[in-house]
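One chain, chain A, links the two complexes that follow: it is found with chain B in the first and with chain C in the second.
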Partner chain A sequence: MNDLLSIRGLETVFDTKRGTVKALRSLDLDIHKGETLALVGESGSGKSTLGLSIMRLIESPGRIAEGSIILHATEDVDVTSLKGGKLRRFRWKKVAMVFQSAMNVLNPVMRIEDQFIDALEAHDIDKSEISGRIDHYLKLAGLGPKVRRLYPHELSGGMRQRVNIALALSCEPDLLIADEPTTALDVVVQKEILKSLNTLKKQLGLTIIFITHDISVAASVADRMAIFYAGRIVEIGPKEEVINRPRHPYSKALLSSIITLNTKRGQDLISLKGNPPDLITPIEGCSFHNRCPSARPECLKYKPVESLVSSDHYVECLYPIGE
Partner chain B sequence: MFAKSERKVEENVSSSSVSGTDVMRFENVTKIYKSGPIVNYALDDVSFSLRKGETISIVGESGSGKTTLGMAAINLLNYDRGTIYFENMPVKKLNRKQRKKFRAGSQMIFQDPYGSLNPYNSVYDSVVAPLNSFRPDLSRSQKREEVLKMLDKVGLRPAESYIDEFPKKLSGGQRQRVSIARALIMRPELIIADEPTSMLDVSVSSTVMTLLNHLKEEMNFSMLYISHELATARYISERMAVMNLGRIVEIGGSDSIVDHPLHPYTKLLLTSMPDVNNSNSEEMDVTLDFDIYNGGIKGCSFATMCPFVRENCKESRPELNKVEEDHYVACFYPLT
Partner chain C sequence: MITKRYLITRSIYAIATTFVAIVINFLLPRLTPGNPAVTALATTYHYLPPGKLKLLESQFGLTNAPLYVQFETYFWNLLHGNLGFSFHYYPETVTQVIAQHLPWTLFLLGTATLISSFLGVVIGRITGWMSGTKGETTLSSIFIALTSLPYFWFAIILQLVLAVDLVINGFRFFPINGSYSVFVTPGVNLPFIISALRHSLLPLISIVVTAFPGFALTMRNTMVNLNKEDYITMAKAKGLRESHIVKKYAARNAVLPVSTHIVLAFGYIVAGAFFVEIVFGYQGIGYVLYEAVTSQDFPLTDGIFLVITLTVIIANFAADLLYAYLDPRVQLR
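What follows is the complex of A and B.
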């Protein structure tokens, strides 16, 4: 498999007064070149922490305690050991990020084009090239050149998110991490943004990591889907597989708890009891055993290991559904 | 350009139901926000009624006026024109005693459970607040008993272990349960729920929706459910009103609206919803144009974006018309 990024044994932790919170617990993940991988999970599951870890944006009290993030470029680089200028060039030129709060990312007192110039100059793009690039990427994101002279407050939420996407792509990264890019937007605009992301991916041969809590949104953009729970990926596989044949009880519960247009009015929804485990105390056995409808005594004792259930579809469960 | 004729509510929505059973009725309610040259109709001649025991959802995108509508309904907002009736009494003209009844009988559940509970108040303090205002006759122990009962009802069990907690110890879903308990403790006739689950995780959100559904059957209150999201709206409500730029463009039974929308805007909302099975392949070809202030719209509010627009759509405003039983649409050329 042609991988762009290989993550091995990644542990990102946060030191708090109560103890050390293990937000990611020895996480392994390969990201294939040219795919859209959706990271799906609830708040606190570690999906955003992974995005920030790849960007090396984890700040104190957080730190990457263990593991490696290998970027397969002309030569393999371990992102976790990058420093100074190398780290600066890695960010935005290799991996760029689009954040959820479109409102807060742009500098409110700078015109849109100046924000581009800032980013492009910092990444040593030739001055003569800058203006052309701004127009080009704004256009790709579906915005006209008129936007260049505007301030962020003059743009709608959807337009601002497009500017963020254009900005993220302007240094031509290999990997785009989109962290809940449409969560704050209306459905109509959301659909437009998702469509442009798909088009851009095809045009530019991008690899996209799409972080979301909304499994329906993930379904409409992803090639592969990874389900996060308590700092680990409990199931990963092709989108259709995970959605139609979920093998982990948590994935199944997550899928059956969403309300769709076809949900019958007033019917009781399947819901999970209890809360995810505290990530300070070491977890014995399976992290999901206390909420799992099909837990057995062994689940408390033994840690499940990732196992292949069908082509490219892995699940971390002692007793996967359907066996 | 801003002169709008006060339209009479003729054969339309509010008079279509027996008004004696209405909990709340909006008649030609208009709220205008002005800022310099910009004029925005947050509510533009809105009329509808909420029948006793029913849930109606108000759906629309941000800026459509749905939250303004909720604020007006609970009398937290002064509107410019029109009348809102609570149990057939105009809310603005209630006397002291009636206003007290209105305040006790209409309660709100807010969107953000992290912002709507005072962090310095325990669960007991938050939930007991309405009793302190409206039931001075109750003794301390009776109040505590009521609060315990209510916490149990909203699924915070055992209630004894939650009653003295502070919000920071509670999860988002638990906090939202506390605000539901606070809203319901006066056994109100009317609940206004403004996106009560949009800040919660999916699995938590589904438990809160199930809970609301059970409570509404058990306690028989009427509910205005405000949401940008049609799936939960259909799940919880019998009727649905779709808003676009301050106007109700379609109103009717939730099933008939979702299954065969009549207004192109409703259809746009439905086809834009992401879907797990990607079965939603139908697409509408619209020109997105959100750069409008709706103060100057003479014709249909959706005319600038509508793929089926014709000349008269830009000239005159379509009124809500009955197309089938309990299904009204404000469109000259409704979808078939």
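What follows is the complex of A and C.
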């Protein structure tokens, strides 16, 4: 048993006037203890919805319609069935989150230390321990104890995101969900934050779900990578495998859309035509067939199933690349 | 967080505004045509007795000296609390008249502002949190109706229904007008205090009921918008208790725009209080102003205008301090 979280058949939907949008379509995913799993995909592919679903932060008009999220702690708990005090104690203590909007997630009228204290107190951390913990985790995130007495507006964006990381770690969660934690920051700060996250992960043996739309960021932090498309994982596997030998046409397109130092002159950057499918109407066949460069007539008719292509590398395609 | 620097700059602003208000208050009556001494004499004499005119002019402080000399005298007198004689209440001075009536108004205004701000914030917090429910939409619609009522009209209705008509077994629950019963002696004694409180009830209710729903609506709307803020989501993610999130995250931030609203509304509350005083014959400044205007008592109207201006300036100064205390970001602006 070395999985921390098992997601089975998860369907998170949003009820709109036009109909029910299926943001996650019967999603299965296992998260191994101690790994960093990067969820990569374009906007609207469902990767953030998954993060929020695990935290149970999906609010009306959204809801988790089906499926289970099992957390393997001392005993197995289905997160989707948690309510009231149990849900409250699950959040932050078991799974904590670093949000994308570093600038806006801190309460503007509370000192930094008070935003630690209320979280720690809500999870019944011993009063005598609180102050030491705040200093400890601020230091781990690369901040001095001076920050404690400051207000959020007195910190830069990078410092605020460090505070958020320290805050997320302060209750010593089993799982950390980082939802685009560096997207709102400039490249230099982005690199520093990623470095701290990597170090922290090694030091604390954290399990991290790292949500990003930026493959190069994912490549620098992840152990495994999951490619999201239209509410499903179309490919998942070890980072090197997915990057070097992508088997799904969508992964390949996504990977070749970025320019690296190794990109040769004259080499074509693939740009995908069309849009992801409308998630209100049921999808027939493969969700990617209308944009797929190598689609065949069967792709329109049959739903692809997940198949193992190499060790721990799964792909959901009728005709994976290289076969 | 109130720093010394913030306190000093705000004080300088307040003092400068006060000075400008004093200058305007000095200039305006002097720009109007006519001679108050002549007007006063004309009511008793068919001609102008030169000696009496000179006497009255000197008593009123009317000279043909240059404006800056007049201003110097005016300002010097003002510093000593000397605003001249009231015509209507002669031989009482303006300062005496104001000093007698101001406490009544301050009591009415202060209590009304405090109660309506408190009610607005507390009720708005509740309706904001339960927004979208049937109870909340009904309540908010009632609030919109209440804020649209003019103070004085509502005061008249209250007076008619609760004071004039509501008599059970010969017992009248609310006095119809005045600020205390003629059967008690003013001073620090229980019967007087009870009587004064009883008389102030209806005026207070008329101001509070028409003022607080506006604050409650602002509070509610802000709370609803704040629910979409990332720090509220973050607070939920942190596993905080809902009551803690409402208090320290949602309401605490919603109070900022509401306090601005209350400060802006203060001027209206002052005006409203004056009308209400007139309706109820409540012997505050508003009632005196009404008498001063109808009897063309210029020194008294001038004095009252000055007092009103000062009250609003002081209230704004207090609001600045309160705002800096409530929002740590304020001083950086």
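Simple rule for what comes next: the second predicted complex is superposed on the first by the 314 of 323 C-alpha atoms of A that agree within 3 Å, B and C clash if a C-alpha of one lies under 4 Å from a C-alpha of the other, contacts with A are read in each partner's own complex, and residues count from 1 in each chain.
Note that contacts are C-beta pairs under 8 Å (C-beta built on N, C-alpha and C of every residue); 3 or more make two chains touch, one makes a residue touch a chain.
Model, not experiment: these values are computed from the prediction.
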{"item": "Fit-or-clash call for chain B and chain C when the two complexes are aligned on chain A", "value": "fit"}
{"item": "Chain A: partner with more touched residues, chain B or chain C", "value": "B"}
{"item": "Computed vertex angle (chain A) for partners chain B and chain C, CA, steps of 10°", "value": "70"}
{"item": "Partner chain(s) touched by A:P108 [first = chain B, second = chain C, both, neither]", "value": "second"}
{"item": "Which superposed partner A:Q190 touches (first chain B, second chain C, both, neither)", "value": "first"}
{"item": "Partner chain in contact with A:S294 - chain B first, chain C second, else both or neither", "value": "neither"}
{"item": "Contacts of A:T199 with chain B and chain C, given as first, second, both or neither", "value": "neither"}
{"item": "First (chain B), second (chain C), both or neither touched by A:H153", "value": "second"}
{"item": "Contacts of A:K93 with chain B and chain C, given as first, second, both or neither", "value": "second"}
{"item": "Minimal inter-chain CA distance - chain C and chain B, angstrom", "value": "9"}
{"item": "For the chain B and chain A complex, residues of the former touching the latter", "value": "61-62, 171-172, 201-207, 209-210, 213, 217, 228-232, 234-238, 254-255, 258, 268-270, 272-278, 286, 288, 290-291"}
{"item": "Footprint of chain B on chain A - complex, ascending", "value": "42-43, 156-158, 186-192, 194, 213-217, 219-220, 243, 253-255, 257-261, 263, 265-266, 268-272, 275"}
{"item": "Contact set on chain A toward chain C in their complex", "value": "55, 57, 88-93, 96-97, 99, 101, 104-110, 118-119, 122-123, 151, 153, 167"}
{"item": "Residue ranges of chain C touching chain A (in the complex, touch as defined)", "value": "229-231, 233-241, 244, 248-249, 252-253, 256, 326-329, 332"}
